[in-house]
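In structure tokens below, several structures.
Each of the next two complexes has chain A plus one other chain: chain B in the first, chain C in the second.
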Partner chain A sequence: MGVYILRRLLLMIPTLIGITFVVFMIIALAPGGIGASLRVSGGEMEANTRAIREAYLEDRYGLDAPAPVQYVRWLGRISPIKFGTRDQIDPTGEFIRSPKTPKEPPLWSFFTEELPEDAEPVPYEFDLSAGLTDEQIAVQKSRAYRRQSQAYSQARAAMIANKALLDELIGRIADENALRGIRDSNGKIRYGVVERNKDVFENDARWQEVQAQGSVLIDAYDEAWRQWGILKGIFDAKPFPEAGFGNSWVSISSPDFGRSFTKSRPVVDLISDAIPITILLNLIATPIIYFIAIPCGMLAAVRAGSMFDRLSGAFFIALWSFPIPLAGVLAIGYLANNDYLGWFPVSGLHSTASEGYTYLPSVNTQGNWEPGYLLDLIWHVCLPVLCLVYGGFAILSKQTRAAMLDNFNMDYVRTAKAKGVAGNTIVMRHVFRNSLLPLITMFVSIFPAMLAGSVVIEQIFTVPGMGRLTLESINLRDRELLLANTLMIAGVNLIALLLADILYALADPRISYK
Partner chain B sequence: MSKNANPVQADKPSSVTGVQLAQGIGHQPAQSFWAEAWAQVFRRPAAVASIVWIAIVSFFAIYAPLIASSHPLMLRSEEGTSSPLIESLSAPDVALLVIGTLAPFFLFFRIGPLGFGPKLRLIIAASAQIGLVVVFARMIESTFTHRDAVGFVADWGRSDLFVPVSVALLCAVTMIPFLLISIFVYRSVGRSVFVLGVAIVAGGIVSWKWTPTLNNFDYRARESRGLVDATYTVVPYSHSHSMPAMFNRPPGATPLDAAWSRLEAWQRRTEGRSARYNEEELASIPITADTMQELRAIGRSVDGLVSYPMDEFVDQLESRVDDGQITNLIQMREAILEHDAPVHTIGTDTLGQDVLSQMMHACRLAISIGFVSTGIAVVIGVTIGALMGYFGGWVDLLLYRVVEIFMAIPVLFLLIVAAGLLPRNTYVMMAIIGCFTWTGAARFIRAEFMKLRHTDYVQAAQAMGLPLWSILFKHMLPNGVTPVLVESSFLIAAAILIEATLSFLGLGPTGQASWGSLLRNASGEAGGFLWWLAIFPGAAIFLTTLAYNLIGEALRDAIDPKLKKARV
Partner chain C sequence: MQNKFGLKDFVLLVLVVIVMVLGVLAMRQDDRRWEQNETLVAKIDSIEQQLARLEGKLESGIIVSNGAGANGSASAATRDESWVRDPNVEVVWFDMPGFASDPRDDEGYRIGGTFQETFEAQPAKLTPILGEDVYGRRVQDQVCERLAEFDPETLELTGWLAEAWQYDPEGYWVRVKIRDIARFSDGQPVTAEDVRWTFHDYINNPELETESLRSILTQIEKVEVIDDKVVEISFNEPDAYNLQAALQFYILPKHFYEKFTPTQINQATALTMGSGPFKFANLNPDNQWTPGETAVLVRNEQYWGPKPALAELRFNVIQEDVPKLTAFTNGETDMINPSAPQFLEMTERADWEERAHSLKWLNMRSGYLFIGWQCGPRDGKLTPFHDKRVRQAMTLNLDREQMIRDIWAGLDYVAVGPNNPPSPAANPDIEPWPYDPERALELLAEAGWQDRDGNGILENEDGVEFEFEFTRASGGQTAERMQKYIVDRCAAIGIRCTPKIVDWALYDQILKNRDFDAITLGWSASAPESDPKQIWHTDSIQNQGHNFIQWDGGQDQYIDGLKAELDFDRRMKIFHQFHSLVHEEQPYTFIRVVPWKRFISKEFTNVHPYPKGLEQREYYTAPMQAN
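So, the complex of A and B:
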């Protein structure tokens, strides 16, 4: 059994990689590509400022690399086994990676004979005078690193800004000289084309201007390298504890999901806020489905062909066809809206007053009755769970009925009847136990459907779970958040499926996974 | 055998013995597999009702542009008579009208030597061919005449030869696949003539309706100025005709309702109160000159929505006020509301678009998304499933990992991601629904083919050296495809639900009426609940998915051998 579980867990890895790859490729295929919302958000800026801001953000999140490279980088970050220089973890839990080196400026051969040499890391020693507490030392180290990291990003930003200015200048000259194919589909300059048409630029009146801008860019590049050297020196002096364990070649550490582009919070924080809510909804809903559907299916099977059987069959197929959005809208409209019944809250998981509640119902200091945290939660969760649950009934009760009917025709039932076993005992003890197996496998199809259904329900009832988070990340084109969400949803789903298989083996002694 | 035992003349005996059966008594002529299955489906009232409902939805899918349009059927002016309705039809509209009108006649009347099955295949092939031409024509048109098009693209888009050459090329290219596959007869002459004929029809439709349609709805304004005389269709509103003055109006609302409620709101505003008036209060409010002035201003704002000049109507009202026939607001309300005006039978939505018209136009999306995306899913699933089942081994292992990837994540989740990120249009949506729901079909076919590949006839086919595609799709597939075809009914239902859900989340196709996006507006921003936006589109989605599910259920029971045995 242990080996089986281990194998299944290992098989999850290619599946998870596959699924995140599919999602990643969809993001990359989308119009505007990855991080499109970053570009859109600067809509009112001047074109020049916007180009600089775009270039800065692309640089910061590595969006300028081709999509497959970005994906492999992401995989490298979330993989627990990491290669190369070990990351460090700052006190807020964020991963600090070894600083990126500055990128070679484009067209540098236009402006200079050879590029300035790459800087070497400048060895750095923390000033650890005696008498400081550990805490003070940590603060000091962190401050030194932050200061230099800011200096380096400023130098990098200056370089990017100068590159954007150069691009703009080149673009304008190319347009004036009617040079075609100078820009790619994203509007970026194709430097290869520029190099091939160098004479066009050299003959232009503004060649001097280009030269001047180019040498500024080279200077900025040089300065960026210098700052990098200092920063790398500080990084190598290990201002923060290193992540996980291992050496500087291979190390094992927790996955780094990065920071959300748009919410500037670590993705892990966002997800750890949201995922318990989604799991809570599904964990409440699943037993309800089983507790209602199985008795209905059993009753239908025992009285196969009766009025109850036919009516419940028709009713369940109708429930199954009922769209979740309609159920949600009707529930809110008629049950929660104050113009109609208004019995339930319209949105959220807690009422605003719930902050001060005790866990169980109680009488507060003013002598008023308070529902307490638990009742408040149940009251809020009623409608979402109702909408989540009803679709599952149909499938499960039909399956129960079919499985029971299959078993009724078995020889052992006839034998039991011949022995004079009471009808109820046959149904409950013999037939039902043997019909349990397909019901456990049904979990495999119900659970994913519910997990996805909760995306819709969370949106309707404004429950801050994974579904809403996913929709937000889609609307904002937030690569980090969306990929992490996908990974989480798929992971939860796969683990639930594995649990179903283990239960299957427990329920049926004939099945073993050896 | 005696003459009495002739099966045609024999009465149907209540019970038949084996000997009698051997004599031919009680013999029933054999039916084809599918004919028998459908005959059993038609014995169920629920399934028949479902088929009727689907037929109704399909009817609106085809004829909605003729039934519900803001463009008048006839427009008479001094320049002559024209029909903006016909002008407004787009190429897909015309293609659907042609196919939808001709196909049933062709199918259900005994024309020509062909049977039902071949005729159906012919119609499907012709629809696919015309559909391809229409879709690609729109793509070509938008690429070459795009605003941002540069260089030779724009030059070519503007040239005179552009339309005829593109249409001819397009028709010729789309003919190729249909010439290659054997659709109905193996005689290549008949096939070529048929495909050529279809191409000519498609080319005609596309070149007639090349440029995008009119989107100007000023007919009523022109009518009220007395410039034209218009005759409208049954539902005189297009799905995209947005009337800002008419937003969120309940069923039965007219522009005059809107005018009255704005007058009442103005009255409340002047008195500085927020609660609505009751009848007695209304009766006590007199009509002043200010009221009439406000009414005139309101009248001008809804002038484009009615066929007569509102100024004249207000003049009429004013003269009745002067005569003392109207003295208070309640009489004014009656006078306004009893006047004739076009009705929004089931209300309007948040943008002031007619709900009934949108419901009708959305039928097309529902029907087409169901069929096309299921078609895509079945084709992908059958191909991959056939390969997995036939070859087994590492092919199976590898491809089954792909199937597992799709099983590992909720499909709806993946669809939400894809629909949210990719361009919002109908074709993309059909493609993604098709591409993410094929795993069920693949698993069915895989299981069937694993059984079938060891059967004698398959081995005989292999021994004869038939090509792989022939073994897979000509010999094995017809014996293994039944469960997939039955499941596809459920897949259609699922696709319609998915479309509704995506549109509800705001990820649906833009510029397209959809039941889901109507439902989306039901909980108004101000916390109100617009019930007509929930009930009518919701019922349409529900009934359509229910219908497909019931048909699928009935079909499954009809072909399930276990149940059949139980029935006999």
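So, the complex of A and C:
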């Protein structure tokens, strides 16, 4: 058994990689590609400022790399086993990475014989003279790093801006000379085409301008390297404690899911905001489904063919086939509208007054009864829970009924009856227990759905749960958020499947995984 | 077989009881914490009130001295102008900012109350300048202030944090004097250093995600501190829009934001502090507002300007239309943005007048919807729309009033041009083109498009049939109805129109590559006048600029003239000429201007729609109706 579980767990790794890769590539290959929402901008900006802004964003989030490269980088970040220079963790908990090197400027052979040499890290030493407290030293280290980090960003930004200006100039000349195929589908300059048509540019009246802009870019590149060298030197002097443990070749540290670039917040924070809400809804909904559906299913099986059996079956199927969006709107329109019943609140999870409430119902200082924080919350989730619940009865009760009926026809039931065992005991102790197997499977399949959330219900009731988060990440083409959500949902599904197989073995001694 | 109550069951039962007791205890514990919290909050409240009272006393003293200074024409003499850069250049002074409609003398004016506003989309963050969506900005506008604001009624740029400024007639610099009494919500004064820091170390810090504003403010060369309250902003080159840009970013407190690392600021959801009439009660980075929660602003008791009556502003989100309206009628929210059908349906109800202020008005942020015609080549081939007569015919062929009535519930107005009222840049003499299909056919015939073979489709001399592709974004019933109407109208005069429906994410690409014949899109406005260069200048045809229709009709002289003209009235004249040209040339068919629609609860009074927007600072809770 242990070997079996281990094997299954190890198999999960390639499966997860496969799933996330496929999902990522589908989104990346869709029109617009990763980060499409970042490129949409208003008409207020001039073309070149817009290009500069785009270039900044692409540089910050690594969006200019090809999609598979972006994926592999993400894998490297979430992998607990890391290779190469170790990250450091600053006091606010942020991962500090070894600084990115400046990117080689395009078309440099147009402007210079050879590129300036890459700078070497400049060795740096912190002033650790006696008399400084540990705290002062930490502040000093962090300050040195921050200052240089800003200087390097400044230099890098200058380089990016100059590259965008060069692109603009080249684009203009190409447009004027009707050079086709100069841009790819996202509007980026294809440097290969430019190099092949060098003569077009050389013969243009603005070649001088191109030359001048090019040499400014080369200078900016050189300066960026210089600043990088200083920053790398400071980084190598380890201003912050290193993350995880290991050596400078291989280390183990916690995975970093990065941050969403459309919301610019850590993905872990976004998910941990959304998940409790989804779990809360489902923790209330699932027991309700089980406590109603299973007894009804049992009763329907015991009295198979009776009026109750038929009516409950028809009723549950009718509920199951009622569309959730319509139910949600009707519930709000009639149950929540004060012009009709007005029993429930329309949206949100707390009412305005609830901040002053105690946790449990109580009588406040004016002698009025207050529902308290807990009841207020439950009152607010009533309608979403109602919508989550009503469609779930049919499948579960039908499953229970079918499994029970199967067992009723078994020999051991006849034997028990012949022995004179009471009817109730047969149903509860023998038949029901043996019918549990399909119910286990059912629960396992419900569990992942609980975490994935229900998109429609969350949308109608404006519940900020996982369903909405996942939908947003797809609409906004947000790489980190999308991959983390996919990884989580896929992971939970795989674990649930494994759990189902283990539970099978526990519930049914005939099954074994040897 | 009998069920026996065995040891196992007993242990189980005991365990269950223990768990239950623990649960109850935990709740009690929580209860207690709530109580403690409440007493603390009450204490803070009282301290705050005390402070406010003290401050009121202090302030009345200051106002007296100000009032004396502002009385009569002698004021200019008493004003200290030692800070100016050039004594020969006029200094513009501004009075203490007040209310557009002062509620303080109203009978029944009351302090206190909570105003709940509902957004229809979730702002990702409320941190100033980083959170750049419309909703985030609405919250930030209550918390942060700028050197100058547009006057709500006249839309003139008026000093707010700035008491006076001196603007170089050549347009290279502006020197600004900050009000002495201006202070942030923690009581620290607003200084010149805060202005410098906000521009150079916040907006222009490449480690902060402020790209959007940074790339717009490139014309500002530097911001220098002259003395504690005087700051000088210099520009790279003179431009009519420089002043507006220089005075229109939020001034943030350096002493507050300096405490955080760039990453902390980047990832903050509501690290928002300023000098405005409201403030976030909680500015702890570990326990901020997060999207999904209701954002709560409380009155800034230390506010230096005209204090609002409301004690609290709340902002929540309801995305769907039905719940939004239900929440409003239930009284769960005080202000919503109703859909057009909802607005019509509710305002027809007999008792609605008593329940809500129903506002519908055009303001400086009202955008317009248009169809852009491809005036230049697409894939190296000219479309029929390169001829201005064809474009005029296309406009004449559309009954825009009917479109507005049938497609958008009749609440909108026919758009007249790139600037619409109430903007002073709109030319008041221009009437929209009428609906006149016969004239359209005449114009098309003049341009060479006639039905030569009698098949019902127009052809040109070469026998090429008139057909074009109409591009629109997917989704939305109204967009679909609009497309159907246009296809029908085109068919009626013998033009074959093929709709092309694309995902919104593809739009950017289509516009950049000029890969369309006709496309529908909307522009929104953010200021009373905005530089038309990016959308209209021929420079923006090349290199993927926003003149994606590739229109070149002699507009450049006006657009360049606008930029160079620093005088407001003369600039407006040029704007009007430009407007006439666009009207004549019809590179766009302007469809509709969308007014703002709001329902605001009748629990609040002194609610006025302004050309600038809404001013929640002025609202107060209405006295209860006696009935």
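To be clear about the criterion, the second predicted complex is superposed on the first by the 456 of 514 C-alpha atoms of A that agree within 3 Å, B and C clash if a C-alpha of one lies under 4 Å from a C-alpha of the other, contacts with A are read in each partner's own complex, and residues count from 1 in each chain.
The definition used in the following text is that a residue touches a chain if its C-beta (ideal position, glycine included) is under 8 Å from a C-beta of that chain, and two chains touch if they have at least 3 such contacts.
Keep in mind that this is a model prediction, so the values were computed, not measured.
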Give one word, clash or fit, describing how chain B and chain C relate on chain A after superposing. clash
State whether chain B or chain C is in contact with more residues of chain A in the superposed arrangement. C
Looking at A:P345, would you say it contacts chain B, chain C, both, or neither? Reply first, second, both or neither. second
Using the superposition on chain A described above, determine whether A:I474 touches chain B (first), chain C (second), both, or neither. first
For A:P239, select first, second, both or neither according to whether it touches chain B, chain C, the two together, or no partner. neither
Name the contact category of A:P105: first (chain B only), second (chain C only), both, or neither. neither
Based on the superposed arrangement, let me know which partner A:I324 touches: chain B (first), chain C (second), both, or neither? first
First (chain B), second (chain C), both or neither: which does A:E94 touch? second
Based on the superposed arrangement, let me know which partner A:S264 touches: chain B (first), chain C (second), both, or neither? second
Would you check which partner chain A:P384 touches, where first means chain B only, second means chain C only, and both and neither mean what they say? neither
Let me test your reading of the model: by the given contact rule, A:D175 touches which partner, first (chain B), second (chain C), both or neither? second
Looking at chain B, which part out of 75-83, 435-443 or 525-533 clashes with chain C after superposition? 525-533
Residues on chain A touched by both chain B and chain C 30-31, 329, 332-333, 337, 339, 346, 459, 477
List the residues on chain A that touch chain C in their complex, please. 30-32, 36-37, 39-50, 52-53, 56-57, 60, 90, 92, 94, 146, 149-150, 153-154, 156-157, 168, 171-172, 175-176, 183, 185-187, 259, 262-266, 269, 273-274, 277, 329, 332-333, 336-339, 342, 345-348, 350-352, 356-360, 362, 373-374, 421, 425, 429, 459-462, 464, 477
Touching residues on chain B, where the partner in the complex is chain A: 46, 151, 401-402, 404-405, 407-414, 416-418, 420-423, 493, 497, 500-501, 504-505, 507, 516, 519-520, 522-523, 527-529, 531, 534, 538, 541-542, 545-546, 549-550, 553
State the interface residues of chain C toward chain A in the complex, per the touch definition above. 1, 27-28, 30-31, 34-35, 38, 114, 116, 122, 124-125, 130, 205-207, 209, 211-212, 214-216, 218, 261-264, 266-267, 269, 290-292, 294, 314, 316-320, 322-323, 326-327, 329-332, 503-509, 512-513, 523-524, 526, 530, 533-535, 540, 542-546
Within the complex, chain B is touched by chain A residues 12, 14-16, 18-19, 22-23, 26-27, 29-31, 180, 314, 317-318, 320-326, 329-330, 332-334, 337, 339-340, 346, 448-449, 451-453, 455-456, 459, 470-471, 474-475, 477, 482, 486, 489-490, 493-494, 497
